[in-house]
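Next, two complexes with subunit A in common: one pairs it with subunit B, the other with subunit C.
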Partner chain A sequence: MKNQSEEKKYMPEISQKEIDELRNAIKATSQKIIAENIERMKKTDKNRPEAMQYFDEIANFFGTREKEIRAAKENGKKVIGYMCLFAPTELILAADAIPVRVNSGWYDASKLGDRVVPVEVCPMVRSTIGAKMIGLSPYLELSDALISVLTCDGMTKLGEILSDYTPVWTMTLPRVKDTTQSLRLWSEEIKAVKGQIEALTGNKIKQKQLKSAIELTQKATKAFRRLQELRKGAPVIMGRDAMLVNQTYMWDDIKRWTEKTEALCDELEKRVRQKIWACPPDTPRVMVTGTPMIWPDNWKVPTLIEEANPQGVLVADELCSSERLLYDPVGVDEWSMKDMLNAIGERYLMASTCSCFTSEDGNEDRINWLLNKIKEWNIQGVIYYVVRGCMLYAMEYTRVKKVLDRMNVPVYYLDTEYTREDVGQMKTRVEAFLEMLTARIDI
Partner chain B sequence: MIMEIVGELLKLTVLAGLTIAGILVILIWKKGLATKVTYLRFVIQVVAMVAVFYLFTYPIWQLIVLIVILVMPIVLGRFFCGWLCPFALYMDAITLIRKAFKVRHRNLPDKLNKFLHNFRYVLLLFFLIVPFILILIDPPPSLDSATLMALLFAGPFRPLGVLLGPVIPLIVPWVGPLEIGGLYFSYPYVQEVIFYSNGVLSEIFVTITALIFLGLTFVGSFFVRRVWCRFCPTGSSIAILNRLKGFKWAPVLHLEKDEEKCTKCGICKRVCPVQVTEVYEQKGGKIMTSMCMLCFRCVEMCPYEDCLKVNLGGKTVFKSRNWLEPSEVE
Partner chain C sequence: MITAGIDLGTQSVKAVILKDGEVISRGKSFSGFDPTKAAEQAVDEALKKAKLSLSDVDHVTATGSGMDMAPHSNSTISMMGADAKAGVYLFPKARTIIDVGAEEARAVKCDDKGIMVDFVVNERCAAGAGAFIEAMARALEVTIEEMGPLSLKAERASSINATCVIFGESDVVTLIHRQETKPEIARAIFDAMADRVSSMVYRLGVNPDVVLVGGVAKDVGFVASLKRKLGVDVLIPEYPEYAGALGAALVAVNRVKKA
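What follows is the complex of A and B.
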């Protein structure tokens, strides 16, 4: 359908030489950063769970998982990338294709994105454009098609821009969740994307396959929730480690990921019994909410929090790159095809707390999620993380702050960019916040 | 004489055995060995049906069953509808057959569902008036007042029959309309209708009524879950207290929702066999709707720990678990 030689709608013409140079340079830095991030995580928690080793390996973008997907592709499997977690993973799995999430966290790539879109645009979008421009992200390159869900403004246009290279299927997301007409639209979209997946892979999605795909993700949710439950008590795992585990779900083989996460939980449970904590139990318990933080570069904020002096520990978050990925299971009433599709549709649309939705009650779903986390996970402070250009999350800050003030939970608005330059001043800000939290605990 | 006493004793033993079986099931469930409420409910429904059969072998018990059905809802809401009603058991059995055929259920439009919920009172009134209409259109041969009164209050379509109709088990201990191998089969409303056919007009009338009931349950409930429960006149007597504003304190058994734990994922709305939307729509707190039959399907399917709770006199007896089974270490 799309011809490479066709004139590109958005992407600039760059010579192959420049592409190669840029890719090699950024890839080299990125590999260094991945190694460094893991090294720093090991340093923070000296006695890091052994099961984390697997996730460190998978976290390497240019390692085993890339080779695996490449090999699977040679055997005729298709890879379907998605940009927002609204994409129905179960359908992709049922068609025997590999789902990968292709959002990019590379800081350097975002500078390249500036050639296509202005700097005011969300850096995650710019970075994804930049990564595609030079073929940096292996998962984005390996994707046979992309599912673009029209959530925020950046994502809406991102799909359009990327369609210069890869077929992009758009899914219109209604901005109001629980009306009959929006549910109808969304279920039509789910059906349409099912047809597209079937056409691409050549596999018809049948009741049996879909059922086992749903069961697979339900098992993943089970393992995922088990990990989050373990973070309720004294910190047995550092927040960054847990975030990394959650994040690897975006590109790992889901069955293996589930097994490994269960193994990690087994180890953590043993540690809970032996009372081996990852950091002192009186460390301030922090939660982050807001814009997604994508491995490997955009690991700035969690690193700052957990390496700060005084130290904080992330015990929960409300990020679509971490805890929101898998919190909600697909709840099927009867295992008929239509009901399963309904259940998938509702799970993605209605249970989501994305800030792109609007409602009279002020996105109360998100507020409830935050309140529940704060109470159950015993959160002492919330960091509201927003990157420049992330309009929707920035606009919801006032709403969140009002509610949290009423609950007497300090919330700190941390705005940043895809850059390493502001680490110094952010460190000061984070440390001041954590100091305040420590003082509050002492009182 | 001795044989009769032995027979009675046997019946009582069976009844006691069934009761013990029911209690055992509850105990097993409370210990978390059986996790699926739907199957548990099925067992209890069968036990309840057999129990009602034995109770009905004593004519006097009919009245007591009726009194129980009328009084129980004051404190238990429509628990009877969800868990004990034999008539509901047929519909659930048909649902099982439908599932085996892999046919998907249909949902009634919400507006129609709400309309039917109120329509039940019209239906109740209709059933109460029917004897009078039948007497008017087809006067019995002898019209002395005693026979008339007997027909009105003890004959077919008697008020007792209307309210007790759905409770009558499939196999009745008395001479029923249909006999297969020495067992008498009956069907709610149909049985009473068949007796009353002393004229052509009333015969046509009762045949149509009977066909409507049969069709509604056997064909209707194949496509729509618990179709009869949506406008059952027996349910009206049960539902009425939940509707009255001043009686919110009365029901001891009710659902409670935790607002903060709910993500509005819509599962509770989708799995409800009678399409109650209040559990989903209401923000939190006690859920008091006369449409809810307290079958606890939503509680069973809610994937968020502690989000939905069943409270019995202020004590939580059952709550939504993370049905994906959480970690054992707290």
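What follows is the complex of A and C.
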């Protein structure tokens, strides 16, 4: 761990007094927003599933889960944070460490990030910098090391900036997925990060531990998929609720999360049999794709969609902060160390639909994901969500729109910032879009 | 059947009264600080012209950025939905409706029934909208009405890079320092606006007929630039600034029929 007084590469000098004041103020706002978001979710679905209560609790950043991780750390466990989904969490679990995703969704923290990087930079990156500057995010603070996967430009530099405080391990991600040299590079990166995890934790990752970590995650994937499957039919759960369940996986205890998600699915299945719906079954079915949306502040778009007049319901997404988290299992043929590591490498690289990849066919994996969702989940319209500065998703819009236009699926490009002030303008657009979806039926 | 449409815009409120689907009167007022009161004024004016009272109206539909503040309204319709309705009513072959107002520009793609199928909005910047002309007229020390005719006198094209009103203004100052003529600068300003609006339209696809509505459609300078940039004819109705209110009033007709 670096000495605070040591000269920093990026972070400005800031007095402890200012840090404390800013943290306390933003933390107070954040607690209010967490409570408010949950209240609004309860209001939208008055008969919200009882099993959601657990996830509401885990959604509190400054609550039970923080205390749990803190206690585990006191008992010698290590915490390993990551920003991008490519970090192989099975290896972290196999070394008896705790994986947590640390991307920031705090709007107010992004303003602090402006002290370090220009406003043109992606607000999620700026906000994560701001959060670190004042020690706002419990999970970022508890991280003993961070895995920084070099995906987009913002993420590449974010790791470098955060290394002013915390050891950062980079993983070089090939931008082309399926060449032999890409696969070779990526499998070397997996091995290297395994070595770093082992060195930090002092635990050698052995066959038995890795097998059980993979099996644990596979079970989580099964529960996760079960929840998404339930969203194929008439809306039995609001999109925000499902999104919150998906997202709590990023910092919850995986075994418990799996049990609670299965319990939620049991409850939902019962409701399907009783035909109890979260909103009218003819509510326009919407999917979102693009930049990740991070709890608690950046809940703006799903809230707008599900509280709009006319109302929409989010039944699927293609976001690395929600459905892409766990959708793809690690597929192992032989439980040898070599095969398991290969399977992990492949799952993280090949299954990803991130816009950081390029290929001659124009990120076909992402297009296929979208088309499959549209067909199977009966999507009526797609909101293409981008925060300013998110260059890769912004650029890929043209590609996605071309394909969806051909299929006669309406898609709307909704761009925003980490701010609450543009909600009025965004509401106008989202409502016009939903009105358009209903108008296709009748005006 | 009497219906009314109210368009609560950022700068002005417009009202249109229809009798059996035909326009019988219009009213307008400045939005100011109390949009609800402004809307009442616009509706009163239109009712007075039509010799009607509010109780004669079967259904009022509101639109525009302030539609939630509309008085007497029975329902609402998005600005894009209203544009599409009005565009196809005014020009049955219209499939692309461009609306350039004071603070916002948008383009709507619609079908033969006037139902929108796609739309784009000028993203959070007034450089493609009427407020830009206002700011630039100030820089050139002419009135906003003089800008259009002035630009038509330009003998050659120069250019500014209008990504925002503020930067646009400093670009104009650069041209002034280069001693470009006022007509040329005025044309450069409209070209820059038309660039922004047309690139937005290109994202939707230029499907004829193309109709231009909104207050800025009355500006001959902007219209000339937009036609050049799009390379197609652009149709303009007699009362372009009332298109939103007209669309809302037409939607009100359908809503009465459905009820």
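Operating definition for what follows: the second predicted complex is superposed on the first by the 438 of 443 C-alpha atoms of A that agree within 3 Å, B and C clash if a C-alpha of one lies under 4 Å from a C-alpha of the other, contacts with A are read in each partner's own complex, and residues count from 1 in each chain.
Simple rule for what comes next: a contact is a pair of C-beta atoms (placed from the backbone, for glycine too) under 8 Å apart; a residue touches a chain by one contact, two chains touch by 3 or more.
Small disclaimer: the values here were computed from a predicted structure and weren't measured.
Colleague: Check the residue A:Glu13 against both partner chains and state whether it touches subunit B (first), subunit C (second), both, or neither.
Modeller: neither
Colleague: Touch test for A:Asn368: subunit B only (first), subunit C only (second), both, or neither?
Modeller: first
Colleague: Examine A:Ala439 and indicate which partner it touches, taking first as subunit B and second as subunit C; both and neither are also allowed.
Modeller: second
Colleague: In the superposed arrangement, which partner chain does A:Lys222 touch: subunit B (first), subunit C (second), both, or neither?
Modeller: The first partner, subunit B, only.
Colleague: Which of the two partners, first being subunit B and second being subunit C, lies in contact with A:Gln425: first, second, both, or neither?
Modeller: The answer is second: A:Gln425 touches subunit C but not subunit B.
Colleague: For A:Pro410 in the superposed arrangement: first (subunit B), second (subunit C), both or neither?
Modeller: second
Colleague: For subunit A, which side has the bigger count of touched residues, subunit B or subunit C?
Modeller: After superposing on chain A, more of subunit A is contacted by B.
Colleague: Looking at the overlay, does A:Asp178 come into contact with subunit B only (first), subunit C only (second), both, or neither?
Modeller: The first partner, subunit B, only.
Colleague: In the overlay, answer first, second, both or neither for which of subunit B and subunit C A:Arg347 touches.
Modeller: In the superposed model, A:Arg347 contacts subunit B only, not subunit C.
Colleague: Which partner does A:Glu360 contact after superposing on A: first (subunit B), second (subunit C), both, neither?
Modeller: So A:Glu360 meets neither subunit B nor subunit C here.
Colleague: Would you tell me the residues on subunit A in contact with subunit B in one complex that are also in contact with subunit C in the other?
Modeller: Dual-contact residues (subunit A): none.
Colleague: Quick check on the complex: what are the subunit B residues that touch subunit A?
Modeller: It is residues 99, 102-105, 259-267, 270-271, 301, 303, 322-330 of subunit B that touch subunit A.
Colleague: Subunit C touches which residues of subunit A in the complex?
Modeller: Listed in rising order, the residues of subunit A that touch subunit C are 309, 410, 412-413, 415, 422, 424-425, 428-429, 431-433, 435-436, 439-440, 443.
Colleague: Quick one: in the complex, what on subunit A touches subunit B?
Modeller: It is residues 177-178, 207, 218-219, 221-222, 225-226, 229-230, 232-233, 265, 269, 272-273, 327-329, 331, 333-334, 336-339, 342-343, 346-347, 350-351, 353, 365, 368-369, 371-372, 375 of subunit A that touch subunit B.
Colleague: What does subunit C use to touch subunit A in their complex?
Modeller: It comes out as residues 65, 76-81, 115-121, 123-124, 251, 254.
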